[in-house]
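In the two complexes that follow, subunit A is the common piece, with subunit B as its partner first and subunit C second.
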Partner chain A sequence: MLSNIGNTLIILNILVTLIIIYSSHLSLKNQEVKISKKIYDLSLAQSTISIVTFFVLITGFIVSDFSLITVFQNSHIDKPLFYKISGTWGNHEGSLLLWINVLVLFSYFFLILNKKTLKNYRLSTLIIQNFLIFGFLLFLLINSNPFSLVFPTPNIGLGLNPILQDPALAIHPPLLYIGFVGSSIYFSAALASLITDFKGKLFATSIKLWVSISWVFQTLGIVVGSIWAYYELGWGGFWFWDPVENASLMPWFVMTALMHSLFVLEKRNTLYSWVIVLCLSTFTLSVTGTFLVRSGILNSVHTFANDPSRGLYILLFLSLMIFSSIGIFLKKYKKENYDFNANSKETFILINNWFMAFFLATVLIGTVYPIFTEVIGNIKISVGPPFYNIVILPLVIPFMIFMALAPNIKWIKNSLDNFLPLTIIIISAIFLNVLIINFFKPYSIQSSLITISSLFLIIHTLIDLIKCLKKKVNLDYSRIVSHLGFGLLVFFIGINHNFSIENDFNLKIGEKKIFENYKISFNSVKIEEQKNYKTIIGLFNITNLKDLSQETLKPEIRIYSNPETLTYETSIKSKLSYDLYLTMSNINRSDFYNIKFQKKPFMIWVWISAMMIALGGFMRIFKSEH
Partner chain B sequence: MNIKFNYIILFGIPGFILLIFFLGLNTNNKYDTRELVGNQINNFKLIDIYENKTITNLDLKENNFTLINFWASWCSPCRAEHKYLMDLKSQTDLRIVGINFKDKEINAKNYLKELNNPYYFLAKDINGKISIKFGIYGIPESILVDRNLKIIKKYIGPINEKDFNEIIKIVTKL
Partner chain C sequence: MLTKKVKKRIYFLTIFLSILLVAIFFILKTLNNNLLYFRSPTDITLNSNIKIDTPMRLGGMVKTGSILTKKDEINFIITDFKNEIIVSFSGSAPNLFAEEKGVIAEGKLRDKKFFIADRILAKHDENYMPPALKEVLDNNVK
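Right after this comes the complex of A and B.
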């Protein structure tokens, strides 16, 4: 039953999409100044159908309708309701439906919120966006249909991978999708702008809000994914340079560059072509990332079941997108003259863009290079953290210096009059770094430079904040919060990296382990039965031998029944100044447990600063609404 | 001319990347070392964990069969297969070369003290690079090679009773 409803809705949606394209096309030619009500209604209908389709699939998961192959493969009767629902987008087909919802909703809201802009520009955006929607709907219907039937209907489902049964992972995909699928709207708008000659400042104003929204959600999505990796994957790290993390980071770099360049386009009415290139690249990179992840061409934790036909479809679609955008861009491209003064805000924003382009190129090369070596030379290689650390980290130092300076540089031409305060800030940053090294322990020169430059950014931004609060002029709080967040993020990651304590060892129940001021006692284990898993909980006492403070940590080994999987749940005690992190795993046929203990200083501040970056973006959304 | 050049670059580079992606779709990216069976093992030189002696591929030619076993003290499936290695040592004239993968020397020695040492030669591979050269992607794994250094069998995962009997059969046939 649900299968029929779902399929009917998808087909209906395809029809509505085609009608929107057709009637918008007709409307382009007529002389009316306003867009007809019919198109608004059609768009609203399209949004409603998409949302209803999604709810039909959610219903399938809630009532455990195992006649649907997607539900059968990814759900189970015994699963808690919350994870039945989140299981809807924990698989390829369901997440594609979510993807289409984002495409459709952004299309609708762009249409209704931009009533002041040129009619033909809005209609063209709508047409292009609907071509995208059509492409993905077709893909959904033919290749990745979440409403496909499995016959005969199985009695039980295969269950959702236990590591995905987690609150962070329930919200991570929707956040990320609003981010990178949301970027589709300014992809469409950029092409529409080229076609209709709707240029410059007005164009910047029309997409500003959407760039901010997608940027904020992309940032949040990445952060939530990292938090999940930190406590779920059990090795204490939070960024792996895994192809799929890279796939989310690449559009983020371009979005960030775009957000900054939009200021220049809005204020100075220049950099138009560059902004267009950035708009087009963001969504292109999002689809490229999706291709890399979904086609199974790269192996990663996010690879869904491998299906080459799926990859082929996305690749065809991607090619079409890339070539038509390049074609339109070249046809409409007009050379612009940039005569920026070297010491002006424009130049500093361009510098931001160069850094972003560099980071993007590094991550892109690192991600796709293994595919190239394999196809061309049949050599299997993998590019890991050492590559990214060597190439990216040194560049973060000047990046943060420019990030601190740029906001206070004037448009058009700046004068050099703040030399003294800058020297004082630099000296205090160096002084603080010396203090840290003196009181704790020395670290490498590169780490020192990164700490100094992050402190420089933090102090400089704090001074800006004080200035803003005092004078109550030019209240750019959103920028201050984001930049401060970035400075703190780099600072705390550095501290965390340099001062973490880690130890692996084997213990039997009742034994103790003493090292570096810590005593770890393995007191007991208890076994508990939960709804869909059995768990072995270890009771550990961690004693700090310096101040004799005690903590109890309870890592678990969970045995899930559907699918039968063993997971190791980390036990984390988060405090303001450090996290205690403990995982245990059993060693077969022995009484020993393998214990991994870590003390990670300021871990919670890494998350708080990352959230601050996103918070700044939120503030910008509301500011641009005003 | 200039415009044409731009067109070629702007269409050519993405075109090339997309072509590689297309070709990449059809290559098997599941790294499967099972295909190594039948190949000859490469030249190697290993250093013993107990004393300062080395072993090379030429040393393996002395014996009819050699089983190269990759293990570590931290690997629990390795414990499961250990008794079969001990039995192989006592029941056949098969030589077992152990390669201790990403392990601490002291832990490895304690492990063998506890469970006994089946190895004719035990090499250390602290960073795991030697094992990778042998085409290993996880432990435990074992490769059975003959006198001519040809890989006859490859066992991914712990050796079980079935594998044990198979090895006995191969080794005692000659």
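Right after this comes the complex of A and C.
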């Protein structure tokens, strides 16, 4: 029943998409100034159908309709309702449907929110976007149909991977998808701009909002993913340089570069071709990331049941996208005259872009290189975190210095007159760093330099903020919040990295372990039955031997029944100044439990500053509305 | 004669290209120093080129009855049904680490028979097997 409705809706959606392409194409040729109401209606219908299709699938999950193979493979009657719903996008087929929804909704809102721009530019954007929608709908229908039937209808489902049974599943994928897939609209707009010769300032204004939206959601998606990894994977870190994380970071670098270059295009009407290149590469990188994750070439939590034909389809689609955009770009490319003064805001924004390009290149090489060696020489390798740390971290130092200085540089030509305040800021940053080392514990020169440059950025941005508030001028609050957030993020990650303490050891019930200032006593375990899992809860007392304060931590080992899986739940005590982090796992069903204990200073501030970066972007969205 | 503008451009391009080359060289060199090769016990036993003391990943099955837990470390044997290597590990073991299950250990060889691991890779569910590992085990069982 649901299968028929779903399939009908997908086919209907494909038809509507084709009609939109056809009628927009006709409308391109007529002389009317406005876009006809018919196209608006069609686009609205397309959005409605997509949303309804998605709700049909959600219904399938809620009522546990196991005749649908997707529901059968990823759900179970005993699963709490919340995870039945969020499980809809916790699998390949459902998430692809979510992907299409984002494509369609961005297409519709771009159409209705850009009424002032040139008709042919809007129509061309719509056509190209609908080609993308068509491609993904076809992929959905033929290869990854969430409404495929399984026969005979099974009575029970296989259940959702327990590691995904977490509240974060409800928000992490949708956030990332809005970021990732949202970038499709300026991919289409960039091609349309080349085709219809709609250039410069006006083009920048028309995509500004969309770049900000996708950037904010991409940022939030990455942050939520990191938080999730922090408490779920039980390793205590939040960034692993895992290929899948890299896949979300690569489009983020380009989006960030794009957001900055757009200022130049908007204010100075130059850098047009570069902006186009960035627009095109963002979505291309997003699809590349999807290809890497879904084809099963890489493996991680994000890899669902693999099927090589999926990878092949995405690869085909990706090459089509890349070649046609390169083709259009080269055909329409006109030489621009860049004449920048070396000491101007334009140059500094270009410096930002250079840094982003460097970070992107590093992460891209690290992610793709193992795939090449595997395909070419059947050599299996992986690239460890040290590679990224060695290459990227030193560059973060000058990056933050520029990040502090650039916003106050004037357009066109800047004069050097603020030398003294800068010296004072640098000296105070160095002084603070010396204080930290003196009072706590020394760390490496590189760490010192990173701390100093992050403090430089923080202080400099704070001074900007004070200036802003005093003069009551409408300066760039969104920039201040984001840059301040980035400075704080680097600062707290540095502190967290340098002052974390951790220890792994094996304990039997009733035993104690003394470690630095802490006494960890393993008091007891108790077993509880929950709705769809059994849990072993360990009771640990952590005593701080300095001030004799006590904390109780209760890590768990969960045994899920469907599918039968063990997971371990970290126990975390978060405070403003530090997190206590404890995991336990049983070793091969013996009496020994393997314990990991960590104290991580200022963990919560890492999240807060990362959220601040996104908050700045939010402020820009609402500012650009005016 | 080159005009001033052209000169400036050549100047700029030279600097740009040299920075680019240095950057790429630097990236690739670091990459090369930080590669982790995936090996099976048989690779290590048969291949004499494998250097001791370089970090690598060792994959195979945990041999039945081989896990020995002490206060600060866990000892076990990784086997690919043809050859085996003793592993010593101190760190946090994932829950799915158990006898007769697939495992990937990251660390260094002390000698051809003894491996010191500093990380055991968590897998995400009971049935999941990393493709690299699956291939090795499948070949040996045949």
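In this section, the second predicted complex is superposed on the first by the 624 of 626 C-alpha atoms of A that agree within 3 Å, B and C clash if a C-alpha of one lies under 4 Å from a C-alpha of the other, contacts with A are read in each partner's own complex, and residues count from 1 in each chain.
Methods note: contacts are C-beta pairs under 8 Å (C-beta built on N, C-alpha and C of every residue); 3 or more make two chains touch, one makes a residue touch a chain.
All figures in this text were calculated on a predicted structure; none of them were measured in a lab.
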Using the superposition on subunit A, decide if subunit B and subunit C clash or fit.
clash
Contacts for A:Phe291 in the overlay, against subunit B (first) and subunit C (second): which applies, first, second, both or neither?
first
One more residue to check, A:Ile587. First (subunit B), second (subunit C), both or neither?
both
In the superposed arrangement, which partner chain does A:Gly311 touch: subunit B (first), subunit C (second), both, or neither?
first
Touching A:Ile326 in the superposition: subunit B (first), subunit C (second), both, neither?
first
After superposing on the shared chain, does subunit C or subunit B touch more subunit A residues?
C
So, A:Ile163: does it touch subunit B (first), subunit C (second), both, or neither?
second
Contacts of A:Val391 with subunit B and subunit C, given as first, second, both or neither
second
Which partner does A:Thr362 contact after superposing on A: first (subunit B), second (subunit C), both, neither?
second
Is A:Lys380 in contact with subunit B, with subunit C, with both, or with neither (first, second, both, neither)?
both
Clashing segment of subunit B (vs subunit C; choices 3-11, 39-47 or 165-173) is 39-47
Considering only the contact definition stated at the top, list the common interface residues of subunit A for subunit B and subunit C.
296, 299, 380, 504, 586-590, 594
Quick one: which bits of subunit A touch subunit C in the complex? Just the residue numbers, please.
161-163, 233-235, 296, 299-301, 358, 361-362, 365-366, 369, 379-384, 386-387, 390-391, 504-506, 557, 563-568, 583, 585-590, 592, 594-596
Partner subunit A, residues of subunit C touching it in the complex:
23-24, 26-28, 30-31, 33-38, 55, 57, 67, 69-72, 74, 90-99, 122, 124-128, 130-132
Within the complex, which stretch of subunit B touches subunit A?
6-7, 10-11, 14-15, 17-18, 20-27, 29-31, 74, 76-77, 79-80
Report the residues of subunit A in contact with subunit B in the complex, numbered from low to high.
291, 295-299, 308, 311-312, 315, 318-319, 322-323, 326, 330, 368, 371-372, 374-376, 380, 504, 586-590, 594
